[in-house]
Structures are given as structure tokens and as C-alpha cells.
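Have a look at these structures, which come just after this line.
Two complexes are shown next, each including chain A; its partner changes from chain B in the first to chain C in the second.
On to the complex of A and B.
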């Protein structure tokens, strides 16, 4: 297992270098730069803009700029944001926490809903209740996330059930930490539920199919025939094996944290990495984009690694080989 | 604070009282204001970061020697009580208030002013556009401390806008000197600061913030302004600024009562009026200072076709286009009727400089056709327009694709010009590409753009003079320059050096007349500035220039009538 982890972490390096190099070249090659807005301001002279460019090292050749950036990355210095004038690492730190909270929340809730329902429906395959759940699952799969987000935001705004946008509504200095926590969770619910609604359907279907497939295997039939109690058959024999492929999915979902949530974050006004990257790309804030991309790539690999470790943990066959 | 004065100077006292805020017997201390900002504040550093998202916040925390009054737009004393100019007009001496303290308790003196100019603005290690605005012909200003509370500026030339420019934020030497010595100032006072890192003299100071979510400002207990009854200002305890990038979401929150004030776009105004909450007041304060305009490329050295250059350089062609644009339809469609037509570079929201006697090309298709005929253009039997050499009048119009209002406007203009037989190929272009084409490659034929405005025309100089870097229609090429452009160059050069307001106005009036006569930029329309506010504030005096908060220190929350069911903050915290 240790060898697997080590191998994966080593694979990170060439992947990140390749990805960052391509992104760097693409961003630099697109027309315009961060200073486009400033050029249209009569009060800022071209000389000042030039000196700002030199300040940020943008007057050197592209390859030199990339190598300098790489060198700084090795020291975990992500560079400085043009727009915010502060280190990229600081900006990402602020937003990353929000995105991770959102991702974990929606991950946990969607899995906690989808998996038991899938087992429940799988056990009752072909019945009316199974058909209802399957129909709902199809609905969830076919609706795009931004559409669900928009509908949900509209619904919440009409019914005033939950706060919209931002992470806090309480600004009293003496608010208790419980009240602050409750406030944060209330704000998290809107984007969190949107993501759940979108993901639940796919998970449900996958898990249900896995379960049914496992349930119809000879060894489960044999256990059933031997008189093993029903619950034991379902949970110990069938479910544990049905869960196997789901760990790979889990790994992929952890890796896809940043990307999946971006649109939802933007529509629901949740201040996370998604809106940060979008703004950075649109304004050519070079080092902020690069930093976000690197984090994104890192999380992708680490997520998949976690998935693989989980499989190895649960499946002795893989461990031994 | 007044007890610290050794001498009681009657003139000083008179000035202090004169500029104090009149007291209100019903003014109560306390309460919070919740507002929204559509852009994320990028920094708290007023020297380095100049975007509106930042200046909106730093405007509450920092102050300058003078201030521009939000209502009259006149320059008034602020941290400086008085000033005088020597006979050459180049040496200005400012006498500073002696009762001002930075929000960390240290006294404000002339050394802070010298520090701000020498070590921050004119420091070559610090990239700031303040340097451009405060340099006259590229030469810096020399600053000298005369006494503890008097500072002298040596200007390279006479410079009339200097007084208004002294609204420049002053920063404290004791707090930032070491950071500047370490060459770290450009990256300081950013979103990673602690509240005690942001030290100013203004009515508010930073209490708490989370980047991209909110900023909370609390009252500066050491603020020097008092009302006429000697009560400390500001009245309000806290300002909570929520970052809500989506304007629709902001309107929703305002309707739900989560925000106290909001600035309305035309479509927001219509939505709000449909189901307006009872306790909301609407202020329409007049046309905004921004402008929208159409420009033709008149540069002889550009890469566009020669015959097109001849069209664009023909003043009657431009008159015809200006007459053919239906400005009222643009206002009705894009600003929902809440706008004003524009005919020149200054609009009526700046009464000090607005010249109403400019030539206005009102909507008149027959006049447009007459001007085209006089310029040798003829409509063919196919209904399309041809010039005197038989070339079909067809050109491309570009604008930035991220502004949906401008795209709509461009389409309306295209339809208008088609009535004259012109064929307009409209293309929305990504903003960055647009800027590259306009500034660097200069390959464009017609462009629809907008600019924000200012009170003093001098600050837009780079658009109007031939050497300016935003002289869009005729950049940098001496062979293309018209004699009227040379007249405008000379007007701007003279007007900057004349102190008498009437003489300056005469010059700028002439500029507007010459400009409008030649229509190098064809102005279209601008929207009105509209605010919606919860009816719980006193002393609210919104204006186009000052916005809602130019007099933030005197705004207060009205006392609640007894028996009101809504819970509010307790008075007199």
C-alpha cells in the first residue's frame, strides 16, 4: 500500500508541470492582459502601466516567466494576484475552506441519501416504490446543475426559508459560536442542497444496479439458501461487495470538488474557489489562475488516491495483490 | 480634543464652527447601516488600488487636505483649514487642523503629508496612478514641512486643478514608514491585513472583514468633526458592506429587508416599483457622470481603406450620423426611460462646467440626409448609400461583448443608420481584444464605448488632447491633426494654469463648442442615478457626484416611534 501511495504522489509532479505549462501558455497567448481595464482610464498613464508590468515580471519572455513561477512554486510561493495585490496563497486559503465545506456537505448528504435508498429500492426491484424512485433519479440526472440552482434560488427567494448568498447574516460582535455555526450552516444549505439534488440521482442508479447485480450472484443465493438471516445477507454479503465500485466513484468525486461546485457557487452566491477562478480568468489575473489550477490538479490526484486507498482497505483481494 | 489648544484663535474657531455639521436635536447616536457592493474590494490600500470597489471603502477611512462637497461640487477645507498661493501661483501653503488624530491615537501633522507625497506617491518603487494625476507635464511636486501644522507644495507650473486633487488620501508616517523602507508597501494593507493595520483619519475604521463576503466598518471614536452642539461624529456606529456580485440577488435582499440601501439599474427600478415595500424611499438624482459614445477612426495612418478614412474625416458625415441616432429610443429601450440624451462631453450633472449652448444634433432624418447630400453621398436605386466615387457606404462597428446594454445600443444605432442607407456590420468583441485593437493595432472602423466622468474636465485630458493616450479617433499621428484639435490642446494647456473660475469656465465652454461642432465622438445617452433607501435615515442627501455617502458622518438613524413592532438597535450605545 505504501508503494501505491508513493507512486501516486510521484506521478503528481509531471502531471502538474505539464498542466501548468499548457495553461500558462494558453492564458498568455490570449489577447489582452490584466491591464486592459486600466488602459481605458484617462487618469492612468501608459508609463505607469508599463512599470506595473515590470513589477509583476510580465516584461520577460514567456518561458522565463514560467520557469520563474515554477521555481517559486517549489518554495510554495504561488505568486501575487494583480487585482488584490496580496499573495495568491492567502486568497486561495480563504475561499478553499468554503468550497471544501460545501463539497463535503453535499458529498456526505448525497451519499447518505442515495445509498440506503438504492439498497431499499434494489431489494424491492420492480415494485411501484422502486419505479417512483427510479423516475426521480432520472429527473435528477437529466437536470443541469445551473438550472436546478436557478430554480432553487427562485423558490427560496419566494418562500424566505433560507438566507441567500454569502456565509453570514449575523454581524453582532458578541454572537455565540453556536449561533455563528448555525448561521454558516443555514447559508450552506442552499448551494449544498442544489449539489445534492444534482448528484443524488446518478449515485442512486449506480448503487442500485451494483446492488441488484451482487444480489443475484450465486454466493448470495447460496447464503440465502443456507438460512443466513435476511439482514446479514443484505448488508454483510451483498452490500459490502456492491460498495466496491462506489469507492472509485468516491475518489473521483473528491477529486472533482472544485469543478463540480463552481457554477452552483456562482449562482447561489457562495464565496468559494469557483467564483474566484472565474473572476481571475476573466480579468487575466495570471498567478491567481495558475495557483487555483495547481490546487485543482492536486486535489484531483489526491482524491483519486483516497479512492484507491479506500478500495484497498475494503477489498482484501486488491490489498494482497 | 479642544482642550489641547493653547491659543484660542478666533478665526480658527470661526472656521471650525462654520464647517461643523449643524446639530440635530433628534439626531441619535448608534445603529448600523447595511449596504452592498457589487464588486469585491480588492485591497485597503488607497495609494496602490484605485478601483471603485476599493475606493468605496477607503473613502470612509482616509481623508485629504481638501474635500469636494457632494452637493455643490465645490472644493472645501478638510484636514487643512486654509491655504494661500504665492504671487507666482506655483507655491501653495496649507495650514492644517491641530485637532486631528489618527485612529490609533497619534496626532496628525504636516510630516504625514510630506510622507504621503514623497515616500508613497512619488516613490518609484510604488506603482500608483496618483503619480500621473499629480505630476504636471511629467514633473513631480516638491513638498516641504514649514511648521508642525503647515506644509508647502512647490509646483513646476501653475495648476488650477491642484486644490481639488488635494482630496488625495493622506497616510500616517509613523505607521507605514518602516514598510516603505522595506519596499513592501505595494503589497501591504491588502485583504490579509489586520484591522489595526489600516490607520486613517476618517469617520470610520476597519472592524472586521472576510474577503469576498463582507467588510465591517466601525465608528472612529477619535474623529475630529463634531456637530454644532459639540457631539462627536459620525452618528452611526457601524457600516456593514456585503459583497453581492449579482445585482439581482442584491435587489432580492433589499426587498427582503436585509439591505438598507441599494443603487438601482433601470430594470431594477421597474421591478421594485411593481411591489414596492411601504417603508422604501426612491431618489432619482439625475443623469450619471458616465457617458456612452460612438467614435469613427479618423487616423490617416490606420490600416483601414482610404476611401473609408475620407468618409470618417468628413465632418458632414459625422453630423449626419449624429442626427440619425434616435437617442430617445435608446433611453426608452435600454434605460427604461430613466436617462438623459447626451450631446457633448460634459453633462448637466456638473453645473460648474456644463455649457448648454453647444450645438445639439437632435434627431432629424431629413437633416441627416441633407448633410450626406452636401457631402456628396447619394442613395442608389437599391436604397443603399454610395459615396461620390461609387463606393458603398458600409463599415464595421465593434463594442465590448461583456456589456449587454451597449450591445443593445449598438443594434439600435445600426437600425437607425440603415435608414440612411448605410450598411453597419456590428460585432461584439471580447473586452481585452477590443482594448488591444483600439490601443495597439488600431484596426477598427467604428466603436461604441463608454467612459466614467469627473467634475473637472482636466482629469479627462488624455481623451481630449492630441497627445493623450485615449485620444481615440486620432491617436498620435501629427499628419492627421485638425486645426480645431490644436485649439483644444491650447485650451487645456491654458485652462490648467488659470485660477479664476469664470475664465476657466469660458475656456472649457469654448472647448465644448468646438468639440460638438466637429463631433469626433458622437455622444448618445446616459442613465439616471437612482437609489432606493429604507426610510429610517435622517440627513440623507444623495447626489450624482456624492452618491449616498458623501456626508456619511452626519447621517443618522431616526428614532423609532414607540409602539413600533420592528426591533432595532438600541440608541446611544
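On to the complex of A and C.
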């Protein structure tokens, strides 16, 4: 187990280097850069721009630029954002926190809703209630997240039920931490529920299919044949085995939180990584793009690692081989 | 000589009367088991022999009331220790399963839950009082020739033969009056097969449960069975006692021919069978392939008991009694 984790963490290094190298080359060889926009601005002299370029090391060849960036990366120095003029690390830290809170919220809620319903419906496969759930799940799967987000935003702006955009409305210095937390959660609710709604159908369907599949396995038949009580057959044998492939899904969902939430974050005005990456890419804010890419690659690999560790932990066939 | 009603009651653990099972599909229902009649008595090894798809597993699952959803029991009675299980509810059936009747399956690795230890499997199989649970589990393992330490191990860490021994230990832990074994050795090699058969026989002689042994291997059945039922396309066509008489149904004779090396008859077996289920119910199921058929075989042939233990579903039912 320890070996597995160590091996995977070591694999992470060449993967991150390879990924960042390719991205760096692509960004730097695509037409236009951040300074091209600055040149349009008559208030900034060409000399200023040139000195900025030298400061950022951008007058050197691309490969040297990359190696410099990589060297700084090893010291966890992500560079400075052209647009914000503050370290990329500070920027990402704040935004990443918001994205992770959003992801954890939507992940927990959608799993807590989807899994029990899937077992409930899977056990009653083909009945009226199962068909209703399947229809709702189908709806959730087929609605695009931006559409649901727009609907929510429209609805909330009409009713003013919840605050929209940003993470806080309380700015008093003496506000209690509970009030601050409550305020944060209220802001989180709109994008969080949107993500839940989009996620829950697919999860339900996956879990239901897993459950039905394991419910029809020979070892479940054998458990019935041994006179094992119904609840044990369902929750011990069928459910436990049906959960196994879900660990991989969980890992994938953790790994994909940046991509999964981006559109929703932008539409709901949630200051997470999504809008940050979008702005950075549009304005060729090189180090910000690179920093975000490294973070998203890191999350992807760590997410999958978590999935693998969970499977290894819960499946003796992998744990003891 | 043959009687339409069987006489002489002995200790019958399992009795199946006029059992018919259908598979219900969207447009039609297909007959899988047709008017099955047999009984298994205390302590005997009843072997059911039939080719692949003849309905052996369907019969076994009917007896423990665990048929897949698409299968329906159309008519008949299944008596376990005199109680018709088709008339009792699921909760009462759960009390019978594993306790009065237990079952061993073909491929042991698929029938053990990969996520749970052998010990956990055995513990949930045991339905008795908690006090002597531990000793009884160790005893059951000992009985099938396994170490008590095997309890801490997961199914995938055992060989096929060991897994099947675990299945047998689970089957006998509650001292059931009958154990169904559905081709328990098909997934095993020759030597392991021998060991498993010997083990089942030893258990039968020691604890006296009846064993309902399902196999497609007539030779094996002839060696180990006290009685043999021959199954053909959802019908039991003959029940006979090996050692006392030779089977006389034409299909049973063909099967016997295959183990005696008469390959001329084998060709018959490969002839395509074109009967559909409706026709099958109307005439003898073996009609199209039978070399001894007559015009009167084109009507429904009932199963008749020749004595309290043997019977046949054929109009040509003069039984050959020499050994």
C-alpha cells in the first residue's frame, strides 16, 4: 500500500514536467502575448514594455524561459501574474480554496443523494418508482451545466432568495465566525446546487447499474441460498461490491473539479479557478496559465491516486495479491 | 407391472410432483421444465444426469425457490420434509434455505463474495445458537479437510478445490437434511474432482443427509449414485437404480452407449432438434430422434412409476432387469 502511494507520487513528477513543457511551448508559440495588448496602450512607452519583458525573462529563448520557470516551480515560486501584478501563488491560493469548497459541497451532496436512491431503485428495478427516478436522472444527465446555471441565476435574481456572485456580503470587522460561515455557505449554495443537479443523475445511473449487476451475481445468489437475511444480502454483499467501481469514479471526480466547475463558476460569479483560468488564457497571462495548469494536473493525478488507494483499501483482491 | 401411482412411503426428504416451469418472455412463454416427478430419500445420493441446457440448474433453483425473475413455476408441488415450499412465504423460505436444504454450485470462485473472508462466509451461513458457533465452524472446516486458519483468508487466495471445500463446509454447517450439488466438480481437475466426490460421499455416510447430485457425466453418476434420474429437454425421462438394472429409455440408452464407446449412436445426438415447446408438450420429447418410435408416441407421454423408487416416461416401458 505504502509502496503504491510512493510509486504513484514519484510518477507524478515526470507527468507534471511533461505536461507543463508541452503547455508552455503551446502558449508561447501561439500568436500574440500579454505585451502586445500593452503596446496598444499609448500611455505605456515601448521602453517600459521592453524592461518588463527583461524582468520576466521573456527576451530569452523559449526553452530557457521554460527552464527558468521550472527552476522557480521547484521552489514553489509560480511567478508573477502580468495582469494582477501579484504572485500567482497568492492568486491561486484564494481562488483554489473557493473551488475546492464548491467541489466538496457538490460532491458530498450529490453522492449522498445519488447512492441511496440508486440502491433503492436498483432493488426495485423495473417498477414504477424506478422508472420515475430513471426519468429524473435522464433529465439531469441531458441538461447542460451552463443551462442549469443560467436558469438558477435567472430564478435567484428574480426572487432574491440567495445572494448572487462573490463569496461574501458581510464585511463588518466584528462579524462572528458563524455569521461569516453562514454568509459564505449562502453564496456557495447557488453554484453548489447547480453542480449537484448536473452530477447527481449520472452518479445515480452508474450506481444503479452497478447495484443491479452485483445483485445478479452468483455470490449474491449463493448468499440467498445460504439463508442470509435480506438486509445482509443487499447491504453487505450487493452494496459493498457495487461500491467498488464507484471509488474510481470518485477519484475521477476529484481529479476533474477544475474542469467540471469552470462554466458554472463563471456563470454564477463564483470567484474560483474557473474564471481565473479563463481570464488568464484570454489575456495570455503566461505564468498564471502555467500555474493553473500545474494545479489542475496535480489535482487530476491526486484524484486518481485517491481512487486507487480507496480501491486497494476496500478490495482484498488488490490489497492482497 | 408399472404403476401410475407410486406406493410405499419411506423417509422422503424432497419430493417433486408434476412440476412445470416456464420462462416468460415478452411475447411468449417457453417451457423449461415439464411435469417433473421424483423424490429423494434420506441418506441417498440421487444423481440427475442430463445434457447442457436440459434444465438441471433450473430444477435445482426451483427447489430452493431462487429462480431468476423471468422464470415462473406454472404448476406442481415441491415438498421439503413434507412441507410444500411453493405455498410458504419468502420469510419462511429463508428459514429453510441453508438450514434444511443447502446447495453447492458449479464454479466455486464465482459463488464466494470476493470482499469477505472465508470466516465471514461461514459465520453468516451458520443459523444456530451463538455459543458453539466457533467450534462448529472449526469442526465443519475440519470435516472438509481444511485448516481452521483458512478463516482469515479471502476467496481469491484459495485454489478451486479449496474453494469448493469451503462451499461444502458452508453447506453442511447447519446439518441440512438435503444438499443439492449442481455440477460441483465441472470447474475442477480430475484429481480434485475425485476428492470432492469422495468428500461428499463421506459426509453422506457420516451425517446421512440426502445428496441431490447434478452432473452431465453419466459415468460418474453410475459410479456414485444410489439412483439416477435422466433428464432430457426439461423432462425426467427415466429414474433407475444403477447396479440393479440398466436404463431402458431410448435416450438413456444412447447416453449409456457413449460411455460404453458405441460411437454409431452418437451421430444421432448431433441431429438438429427442431421441435418447439408446444409440440414438445404434445408428443414425446425424444420423438424426432428416437429409433424405436411408434405412431402412439405422438401423444403426451406421462411419467409412470415402476416401483417406489424407479420410473420411466416411455411407452416401451418393459424394464430390463438384468444387471
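Just so we're on the same page, the second predicted complex is superposed on the first by the 320 of 321 C-alpha atoms of A that agree within 3 Å, B and C clash if a C-alpha of one lies under 4 Å from a C-alpha of the other, contacts with A are read in each partner's own complex, and residues count from 1 in each chain.
By our rule, a contact is a pair of C-beta atoms (placed from the backbone, for glycine too) under 8 Å apart; a residue touches a chain by one contact, two chains touch by 3 or more.
Owing to the predicted nature of the structure, the values given are computational and were not obtained by experimental measurement.
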**Combined model on chain A where chain B meets chain C, clash or fit** = fit
**Request:** For A:208, select first, second, both or neither according to whether it touches chain B, chain C, the two together, or no partner.
**Result:** neither
**Message:** Contacts for A:232 in the overlay, against chain B (first) and chain C (second): which applies, first, second, both or neither?
**Reply:** second
**Request:** Check whether A:80 is in contact with chain B, with chain C, with both or with neither, and answer first, second, both or neither.
**Result:** first
**Request:** For the superposed three-chain arrangement, provide the angle chain B-chain A-chain C between C-alpha centres, rounded in steps of 10 degrees.
**Result:** 160
**Prompt:** Which of the two partners, first being chain B and second being chain C, lies in contact with A:36: first, second, both, or neither?
**Reply:** first
**Asked** Comparing chain C with chain B, which touches more residues belonging to chain A?
**Response** B
**Message:** One more residue to check, A:157. First (chain B), second (chain C), both or neither?
**Reply:** first
**Asked** After the superposition, what is the least C-alpha distance between chain B and chain C in whole angstrom?
**Response** 48
**Fill in**
So the chain A residues that chain B and chain C both touch are none
**Message:** For the complex, give me every residue of chain A touching chain B.
**Reply:** 30-33, 36-48, 51-52, 55, 80, 83-87, 90-91, 94-95, 153, 157, 160, 163-169, 171, 173, 269, 271, 275-276, 279, 284
**List of chain C residues in touch with chain A within their complex** = 64, 66, 94-99, 102-103, 105, 107, 110-116, 124-125, 127, 154, 156-157, 167, 170
**Message:** For a test of understanding, state which residues of chain B touch chain A in their complex under the given definition.
**Reply:** 32, 40, 42-43, 45, 48-50, 124, 127-129, 131-133, 186-187, 190-192, 207, 210-214, 216, 238, 240, 242-246, 249, 252-253, 256, 258, 430-433, 435-436, 439, 449, 451, 459-463, 468-470
**Request:** Note which residues of chain A are touching chain C in the complex, please.
**Result:** 217-230, 232, 236-237, 240-241, 244, 314-317, 320
